[in-house]
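There's a structure below that I have some questions on.
Note that the chains are named A, B, C, D and E in the order they appear, and that numbering of residues resets to 1 at the start of each chain.
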Amino acid sequence: SGCAGTQASNSNNDKNTIKVGVLHSLSGTMAISEVSVKDAEMMAIDEINAKGGVLGKKIEVVTEDGASDPAVFAEKAKKLLQQDKVATVFGCWTSASRKAVLPVFENNHGLLWYPVQYEGMESSPNIFYTGAAPNQQIVPAVDWLLKNKGKKFFLIGSDYVFPRTANKIIKAELKAKGGTLVGEEYTPMGHTDYSTIINKIKNEKPDVVFNTLNGDSNVAFFKQLKDAGINTKDLITCSVSIAEEEVRGIGAGNMAGQLVSWNYYQTTDTPENKTFVKNYKAKYGQDRVTDDPIEAAYDAVYLWAAAVEKAGSTDVDKVKAAAKGLEFNAPEGKVKIEGENQHLWKTVRIGEVQADGSIKEVWSTPGPVRPDPYLKTYDWAKGLAN
Amino acid sequence: MFVKKFIKAPANWTFLIIILSLLAAPLFLSVFRINLLGKFISYAILAIGIDLIWGYTGILSLGHGVFFGLGAYAMGMYLKLEAAHGKLPDFMSWSGLEHLPAIWAPFSNPLSLLFIIIIPALLAAVIGYLTFKNRIRGVYFSILSQALSLIFVVLFIGQQAYTGGTNGLTSFQTIFGLSLAADNTKYILYYASILFLILVYTYCRFIVNHRIGKILIAIRDGENRVRFSGYNPTIYKIFVYISSAAIAGIAGAIFVPQVGIISPAEMGIVPSIEMVIWVAIGGRGTLIGAVIGAILVNGLKSGISESFPEIWSYFLGLTFIVVVIFMPEGLVGLVKKYASHLFTWHNKKEKIIQKAPSIN
Amino acid sequence: MNTILEIKDLIISFDGFYAVNNVNTKINKGEIRFFIGPNGAGKTTLLDAICGRIKPQHGSIIFNNNKNVLHYAEHELVNIGIGRKFQVPSVFTSLSVYENMEISVVKNRGIFSAIFNNITKSQREKINTILELVDLFDYRYRKASELSHGQKQWLEIAMLLVQDLQLILLDEPVAGMGRKETTKTGELLQKIAAHCTVIVVEHDMQFVREYASMVTVLHEGAVLDEGSVNHIQNNPKVIDVYLGRGGENCA
Amino acid sequence: MDIYILQIFNGISVSSIFMLAALGLAITFGLMKIINMAHGEFIMIGAYAAYIVQNFFTQYLPASFFNWYFFIAIPIAFLLAASIGWVLERIIICHLYGRALDSMLATWGVSIVLQQLARSIFGAPNVDVKSPNWLNGALLLSPGLQLPYKRLFIMGMVIICMLIIYYLMYCSNYGRKIRAVMQNRDMAASLGINTRKIDSYTFAFGSGLAGIAGCALTLLGSIGPTLGTGYIVNTFMVVVLGGVGSLWGTIAGGLLIGTGNTTLEFLTNTTSGKVLVFTLVILFLQWRPQGLFTVHSRSLDE
Amino acid sequence: MLKIKNLQAYYGESIILKNIDLNVQEGRIVCLLGRNGVGKSTFLKSIMGMVCTPHGSICLENKELINEPTYTRARSGIGYVPQGRDIFPQMTVAENLRLGLEINNGIGKISPKIYELFPVLKEMLTRKGGNLSGGQQQQLAIARALVSHPKLLILDEPTEGIQPSIIQDIGKVILLLKKEGYTILIVEQYLEFILNIADDYYVMDKGEIIAQGLVSKMDKEEIQHKIAI
């Protein structure tokens, strides 16, 4: 068989390095998004190594390709934990890949840092979530839209768990807050023709299209929306899976004036962000952009490093204990690990896409919002998370 | 008779050697590698089934991922209910279901594991009956089977509340009460996989060694001529399709507990094509080639992607190209060719056998 | 009473072109019936209809007095006793000669028999006898793809012989064969005609003369004449459209 | 009312996109019997060609020229895809004639390599191709009825490509040679036809057409390394549904699948629409096992 | 005109032709006789470059062809009518004929004489080649080889499956062609047919030439015997 070598000789403690895993799709459809996230993680690791590493040891990276396939993610996660015995893993993007590796991390007592906003309803003891929970992105966005843009919502999303769950939350919220739902459509991943759906949207005349499409589909949707002669005055879209990187692919011209909701933009005005953006561009090219998942992935590495320093060990239990309440001055501002569910406190920002592709913040919460993956603190969300 | 025949063929010797090495593998490999090898064995089983239908009968199904998936889902549903301990599986509740759907109900019973074979076989029977009766052949069948796989992927993704959507079924805990996380269970599953590999190989070897095997090849060469020899190829094709689908189902069921997840991504067009490639690389129409191809390609894929995560696709792609172009008969064909060069005495022996047709 | 095949008012057309146009004929048991006629007269098409390959627009073909051939699927026709050799040799190229025969010799062509029953000793002997007969015995472990054109023809005939049919349809069985082989084929035909009826399509007039019991001449899809070789050979119309003036010195 | 008219327009538009994507395949697969799984990657190459031309225009030429870049992009896309196709034919495809299924496996490898190559050259994320200004906007028939220029433009391109192909294949010497080579290679060679040349030109032509499709698709969708994968199944379906080897078949297949898709999507939803269309394709094949435009053959087994 | 020396031919590993020597002089009709399966067709195919011929030489008008690809051989003036006809099945009869002109780069016209020789073809110009009857296809194949006026015409069992009257016609055509100065190499099993038209004969057995001579001096019985060994 092809699997040579018996026991990859390693153990984190007796060497001068600490092994960590980086597990993203470097091939397949998800590579579009995940490669940049991997780059951000590598940058953070390089920075930390340049400053002497953690616990005086250099961080050694084992990269694996999840190949956009959940089963491969599971295999590679097992490999990282059982074979390489890494101290922690930074990885995944889609919820499917996260769900696939979750039991692996739980069974092998590993640690995963997951950097992407997601649908919530989850809080594994072996995962730290550095992206937004629904109450840090979707819920405030809907709130704001209802107040500022209108009551008639049309929901469009890719057919998978994040959009479906997100829309369930939105529908509950609309119902509670007096909004109306005029349409809900899902398209398979990679779908490229939106003429029919746009026709349906035109026919329903909603005030807001809440968009949870993923990846390539967004490009098609926005190009075709513009061609159909719909402009942002008649109808505004708000997207939660489109960040600066995606805007570049869609073409800023096709999206100018549309809204997005995130915790971080390249334009976010903090001193940390200025250096972050500068370093990222210096490392990967001036034409590259930073965005929310990239920043969240970068934060994840620093948070882990800080927790390890604090714990004085890479032992998962000790790191977890140390991570509780840990704060970090991230490019997006101050973030803090919520001990109860291992999510981050994050500031919510609604932004408007500009003609040059940057995103201008139009509204933000006054400070970091407490993560609430199960929406326990929202009355209208009762029954969503049973 | 059969045993005698079995021992005569070099392919069977090779198979025996493979089985012995697989049995001995736990002495040398870590439990992670064994677990991985278990997955490859499930692929090998699948590949044998594909070789039966493609290598021997000439029907190229580009939708075998569906049968693999159905078997895997049947197993997954059983494991999921075992993990749920009588409660509603996690994904159902976050998808808004309140009661266990009727199609799930039977899966709390171990007898339901028969569905691993029954469901793929039934689907194959229906599809096979329709298409083969209507004489849909060649590339038309291939494309049709591709459409089938697309339909199932879209359906399984769309019915999130019933199937787990893109996430598929995951987070299993135990199998027949044994913890899936335990090393012992992994060894048990591994040996069970080998057992099924032996069973499936023997079944297929039995088929191709009997007259039906020759009829299948005849169908591959000229289906209409078979008709004018008095056989109804439709029946034979349906039979092979069902066999192959059931084998794929078994493979899927073996895959699930070892990998810990089944999702629509495993039943789509891309994996379906890759399955065929394993067989091509090993050498079609030999059964043993399918086993070698599946284990080798997947081993290589895992190995190379670990060493070169950023560029392993190049290796994989180039391997496919080189093998198909320069080894049209696959690895087994290559070995055969060189073996016949090296051992001319072998030909003499063959001639002696030829003189005595009673062996057949 | 003795009729094994009766063709009534048969019409076959392709997009308005009548390849077979109202053919009527009766073939008796034990006959060696030749269909001759110009190229394109519809001979092959007629055989196609008898063996179920194409469905005629009109007419009927009655086998053994009561079975309308048109109601049977191709493979069922073999099982009621009609077999066919094609104009272009068609054998199973990746099987050996012996395996080709093995597939043909079997009586029970159901799937269970194919899985569980091997061929019997007597069947094996039968195969060997027939292979000897057609000079392919020494080639029996060769792949059929490695045979020459003529050898493939022989193999295809041998496959029919081993099937114990009641009616055999041969489309140009001696095309591409030398005189010696042709003679041998003819003798073979006579032997099998003892227990089975043969329909032959052939252009080799010498062959026709030697072995035909009855000849039907087709022309432009219709029967031009029918009778003994002598009879049709002297029909000026047949000479005109088919044999050619002075055809005798060449054919 | 408008909504229905628009829906018919959408149906035709989607059909034309399918046809455009399938035309190259109708040649490499329909005629040459090469099951080219890398067809989608040729579409991708065409799209990146448009990207390169666009960047060249924005960087090296005055802004006023930008509007015309698309007219340069189309032939460049054709040439780039065609020359890559040509090279591929010379080193890989040439071994695969008469081995239809093998060709599928090898070209699958090619597709993996080309995708990774695109990722290495252009990076994994999508890139942006701006459409020229004159293609923005829509033909305004009534306030509710706007027909986007881009879609009209693509329809026009399809028609032009069809006419060119029809002329080449059925009215020219070259076309006759191609068909001869594809039907019987040895015989064509013994009639003095340089089959190697014909093979590589034909494959290059088919690939070039895919390139044009890719160029056109930049107007409507994303441009990334995996752009082609989304089209591959649909295009094969179009060619097969129409009947392999028939240009009319490809047109009919494209229309059927395109309008089928939009109509069913309109009546139900995208997911069900897709499932229904594929189910209908399967059922349709029961009725016409060789596709719409069957190429009859008297021979026993093709 | 055509000189073949020491030619060997292989199918894969197995040798089919061993050291064939054969000459065809300009303006003559040479026929090759032999039982089924001795390698006659293989020999013609090796002249056309369609089988593997590692040794030997094939000279057409003093030009060595052994390393040339099939199409160059055809273009140097060989018209080939294969056994089994090899019509392009999906193309019309007219297109099949036009393809015969490819030897001259597709230039030229199909002379009406062709239709005089084979009147059926004229009626069937628009029919698909594959739908023709066996004999019609054979006629088409011969016609296709003739349209380009090749220097050397190679025929592989041209009478197979042809009605007697047309066999006579073909015989006449061949004699006519000879008068016009064509050189012809023909493989046949139909001895009577050959006796009427050929000048020289060769007999092949098991991949070797075992007899040769002038047809006029040929003893029919003896040849028959040789062929039948």
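The rule is short, and it goes like this: a contact is a pair of C-beta atoms (placed from the backbone, for glycine too) under 8 Å apart; a residue touches a chain by one contact, two chains touch by 3 or more.
Keep in mind the model is a prediction, meaning the values are calculated, not measured.
*Asks:* Which chains make contact with chain A and with chain E at once?
*Replies:* D
*Asks:* Using only Cα atoms to place each chain's centre, name the chain farthest from chain B.
*Replies:* Here the answer is chain E, farthest from chain B.
*Asks:* Measuring between Cα centroids, what's the chain most distant from chain D?
*Replies:* C
*Asks:* Please tell me the distance, in whole Å, between the geometric centres of chain A and chain B computed from their C-alpha atoms.
*Replies:* A distance of 36 Å separates the two centres.
*Asks:* For chain D versus chain E, what separation do you get between their C-alpha means, in angstrom?
*Replies:* 43
*Asks:* Can you give the whole-Å distance between the Cα centres of chain B and chain D?
*Replies:* Centre separation, chain B to chain D: 33 Å.
*Asks:* Can you pull out the residues of chain A that are in contact with at least two other chains?
*Replies:* 26-27, 159, 186, 188
*Asks:* Which chain E residues sit where two or more other chains touch them?
*Replies:* Residues 131.
*Asks:* What are the residues of chain C that contact at least two other chains?
*Replies:* 86, 88, 90
*Asks:* Under the stated contact criterion, what part of chain D meets chain E in this complex?
*Replies:* Touching chain E: residues 173, 176-177, 179-180, 183-184, 186-196, 245, 295-299 of chain D.
*Asks:* So in the complex, the part of chain C that touches chain E is made up of which residues?
*Replies:* 14, 36-41, 43-44, 87-88, 146-151, 154, 172, 175-181, 203, 205, 241-244, 246-247, 250-251
*Asks:* Report the residues of chain A in contact with chain D in the complex, numbered from low to high.
*Replies:* Contacts found on chain A: 26-29, 31-36, 159, 185-188, 190-193, 195-197, 199-200, 202-203, 215-220, 223-224, 226-229, 245-246, 248-253.
*Asks:* Could you pull out which chain A residues touch chain B in their complex?
*Replies:* These residues of chain A touch chain B: 1-4, 6-7, 26-27, 63-65, 67-71, 74-75, 78-79, 82-83, 94-96, 99-100, 102-104, 107-108, 121, 159-161, 164-165, 168, 186, 188-189, 385-386.
*Asks:* So in the complex, which bits of chain E are touching chain D?
*Replies:* For chain E paired with chain D, touching residues are 48-50, 69-71, 73-75, 78, 80, 82, 86, 88-91, 95, 98-100, 102-106, 128, 130-131, 144, 148.
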